[in-house]
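Letters A, B, C and D mark the chains as written, and numbering starts fresh at 1 in each.
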Amino acid sequence: MPWDRNQIAARAAQELRDGYYVNLGIGIPTLVANNIPAGMTVTLQSENGMLGIGPFPYDDEVDPDLINAGKQTISELASTSYFSSSDSFAMIRGGHIDLTVLGAMEIAENGDIANWMIPGKMIKGMGGAMDLVAGVKKIIVVMEHNSKAGDPKFIPACTLPLTGKNVVDMIITDLCVFHRVDHDSPFRLIELAPGVTAEEVRAKTTAHYEEALVAA
Amino acid sequence: MPWDRNQIAARAAQELRDGYYVNLGIGIPTLVANNIPAGMTVTLQSENGMLGIGPFPYDDEVDPDLINAGKQTISELASTSYFSSSDSFAMIRGGHIDLTVLGAMEIAENGDIANWMIPGKMIKGMGGAMDLVAGVKKIIVVMEHNSKAGDPKFIPACTLPLTGKNVVDMIITDLCVFHRVDHDSPFRLIELAPGVTAEEVRAKTTAHYEEALVAA
Amino acid sequence: MQKLYPDAAAALDGLLFDGMTICAGGFGLCGIPERLIDAIQASGVKDLTIASNNAGIDNEGLGKLLRTRQVKKMISSYVGENKEFERQYLAGELEVEFCPQGTLAERCRAGGAGIPGFYTKTGVGTKVAEGKEVKNFDGQDYILERGIFADLAIVKAWRADESGNLQFRKTARNFNQPMATAAKICVVEVEEIVPTGSMDPDAIHLPSIYAKRMIVGAPYDKKIEFRTTRQREAA
Amino acid sequence: MQKLYPDAAAALDGLLFDGMTICAGGFGLCGIPERLIDAIQASGVKDLTIASNNAGIDNEGLGKLLRTRQVKKMISSYVGENKEFERQYLAGELEVEFCPQGTLAERCRAGGAGIPGFYTKTGVGTKVAEGKEVKNFDGQDYILERGIFADLAIVKAWRADESGNLQFRKTARNFNQPMATAAKICVVEVEEIVPTGSMDPDAIHLPSIYAKRMIVGAPYDKKIEFRTTRQREAA
């Protein structure tokens, strides 16, 4: 049975380490915050200028001056600090963030990612995504393995305009996990969702990858 | 009678305007602070990260964490703010400081300034001088008209390594004031110290300049 | 030296002209200079180029200037949630330069710091790199991005003292801090003016040198785009 | 995640190696990481390249590492007030890269911000420009300066909370703030550790992400280079 959205997020959360500073994108990535292992200190960054994101506020705590990068109202923690957008992206671009989890429309077998525009459709803009994929130490993409139309999303080469070139380290889909040890190496299939077979992944993937499954 | 050091500083202080933000170098420039016209708000910047320099502290107020760019203990004012060296020079380089007054070993007729090293002697470094002359809106040099050996210091071309190229706007010496309206124009002699004649200035200056003295 | 003006129109007097470039602080509707935007709308100045992370929403924030067709070009990282923007953009009536959010913040910080250009990894190999110089440093490619230095910066701060020292509040700091430095003149609107000397000099976010003209814009509505909350557990 | 270490030697354990590059905060003797310098001296690590605005004075600050000949090269803007420095430099035993103060601060800020190079007017047409790329932007020449990203940053802050948020005090902030960002790892010494949550989150000078290891270095001497005072007028 493939992983659901929360299970995908839970699998991504297994990549967290004590003391990590992490930026989470919108959608499934946001769910990673609910899956931080107990006893582990993980600090969440919001690229609009905050380190130490707390949960959504209670109704009577809502503060228009306190939002995340998705423009949702949030709350602060004891360890929170605020800073400017320029300082925030200095932190991101400078490689100080340990991990980011974000969604994608397409991932290429060489690590390219496309997640910001579809030609012919209204372009909303890349926001901070290009900075995150260029600057953060480890880039994890979480996405459905195939599009709603059933097309593979992990493919030989991106067809959509890129967000970043050769930047992705790990892909977690509803079916499986791909990982590569460095940006010169091919992706390897390292894990399957329960009941999913390597054959099924092969059938639903057009990207080249290696198989490196460990027997359960 | 030529101007003394304090009179040179007082003449430089005439260039201050209400609301100016100013950086003063070490030596005669420091004396400008004592000559700010009454009722005028002038805020002094110290390039080690302070806006709003106060007077030297009383003996019991001395604070090792509160020094100026000359490493002298100082005091703060009600309007003081502190910031980092990178923010300080962002302010300087970005053209936000209205005026700087600094000393020089040589000024060339094209506005070049040399004030940081003498070949063959121990080099102490340029400190923030190159940043100041490159970034501040108006550059006033205060200096003795001639060296101790009697050599002109306002000369056709600098012989010493430059601090900045074509940057000086005004020169105030013990004898007179030179000014140029922009960096494409020649310097003009606009003012003489009491009892000093244009002939004396001509005799003691090798730089080309125009005479534009207004009859007293 | 009096920096405080009676209202936004007075604070902008003599600063506006057709075809000018404006840096506008804020992120979404958080920390936007509402009063100054209103006064720019009322002035009728047009053909504006505006650098702002977002373009407001329909009839809020910079959306107001889009509605009145005063904007020629936006330099932004994200322009969703804005129907009128979409209409003008798709009709070719509005020019848009998409700029990655961090690159936009850095371009303003650089422009304000006297840096006309810098190299960044962000956008290498993407549409953003088209037409830009690529330089290799230590085996990695970077693109050259230009500093932005506008004719005018309009920003919103939380508090100012009378001398112009500014403090921002929580995530409303965002682009306001770098953009305040990135123009020939910066006009600031604040919620409150406090006496000079009442701020801790170690806790000032933007030294007084940047705020040249100020207004008190209170009371503020502070619109929220996505109000998200959680429930208190029952006692 | 425990960031607090018992002493400077413990905090530097595993981080030092011959030939490494270190960014060291401070301006003159103001805000220098005294304890960490002492521990580096004690470690005997050598052939260091140190980026620091100054080089201490004789046997104070980085002067201690010069005296023990652990430094191969200094990247500094001003190195006066230091006889041993002068001796080694004139004897050709010590390499010095003079860097304008603002350029040095910006090079560290850039290195920490993922910017490998930027253009500046500072030094155009001077010795500082020799060997550097010159580029014309809008009719004016600028030189290309490189970001600095060291193996280690050693900085001094006033206070830290347990999570690593830092506050500096008055002009002791200086180079400590940019340099803390400009290395693979930053070790911080502070005068005091306070509980997480006791600092105003709007008044933190350096977010916790930068301080990876911390020590309390108090009590501090805080040497003064030029003690200048004025007299109280008689009552």
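Assume contacts are C-beta pairs under 8 Å (C-beta built on N, C-alpha and C of every residue); 3 or more make two chains touch, one makes a residue touch a chain.
Everything numeric here is computed off the predicted structure, so don't read it as measured data.
Among all the other chains, which ones are in touch with both subunit A and subunit C?
For subunit A paired with subunit C, the chains in contact with each are D, in label order.
Does B-D or A-D have the larger number of C-beta pairs in contact?
B-D
Averaged over CA atoms, how far is the centre of subunit B from the centre of subunit D? Could you give it in whole Å?
Taking the average C-alpha coordinate of subunit B and of subunit D, the gap between them is 28 Å.
When the centre of a chain is set as the mean of its C-alpha atoms, what distance in Å lies between subunit B and subunit C?
35
Go ahead and note the Å separation of the Cα centroids belonging to subunit C and subunit D.
32
Two or more other chains in contact with one residue: find those residues in subunit D.
In subunit D, 106, 109, 113-115, 120-121, 168-170, 173, 201-202, 205 touch at least two other chains.
Among all residues of subunit A, which ones touch two or more of the remaining chains?
Within subunit A, the residues that touch at least two other chains are 76, 82-83, 89-90, 92-93, 134-135.
Following the definition at the start, I'd like every touching pair of chains, please.
Result of the pairwise touch check is A-C, A-D, B-C, B-D, C-D.
Contact residues on subunit D for subunit A in the complex?
Subunit D residues touching subunit A: 1, 109, 111-115, 161, 163, 165, 181, 196-197, 201-202, 204, 207-210.
Looking at the complex, which residues from subunit A come into contact with subunit C?
Per the touch definition, subunit A meets subunit C at residues 46-50, 55-59, 62-68, 70-74, 76, 82-90, 92-93, 112, 117, 122-131, 134-135, 161-166.
Could you pull out which subunit B residues touch subunit C in their complex?
Its residues touching subunit C are 18-19, 21, 41, 43, 45, 51-52, 76, 78-83, 89-97, 134-135.
Which positions of subunit D touch subunit C when the two form their complex?
106, 110, 113-121, 135, 137-138, 140, 142, 146, 167-170, 173, 200-203, 205
Which of the residues in subunit C come into contact with subunit A in the complex?
Residues of subunit C touching subunit A: 27-31, 53, 76-80, 86, 89-90, 96, 98, 100-106, 108-109, 120-128, 158, 168-178, 205, 222-232.
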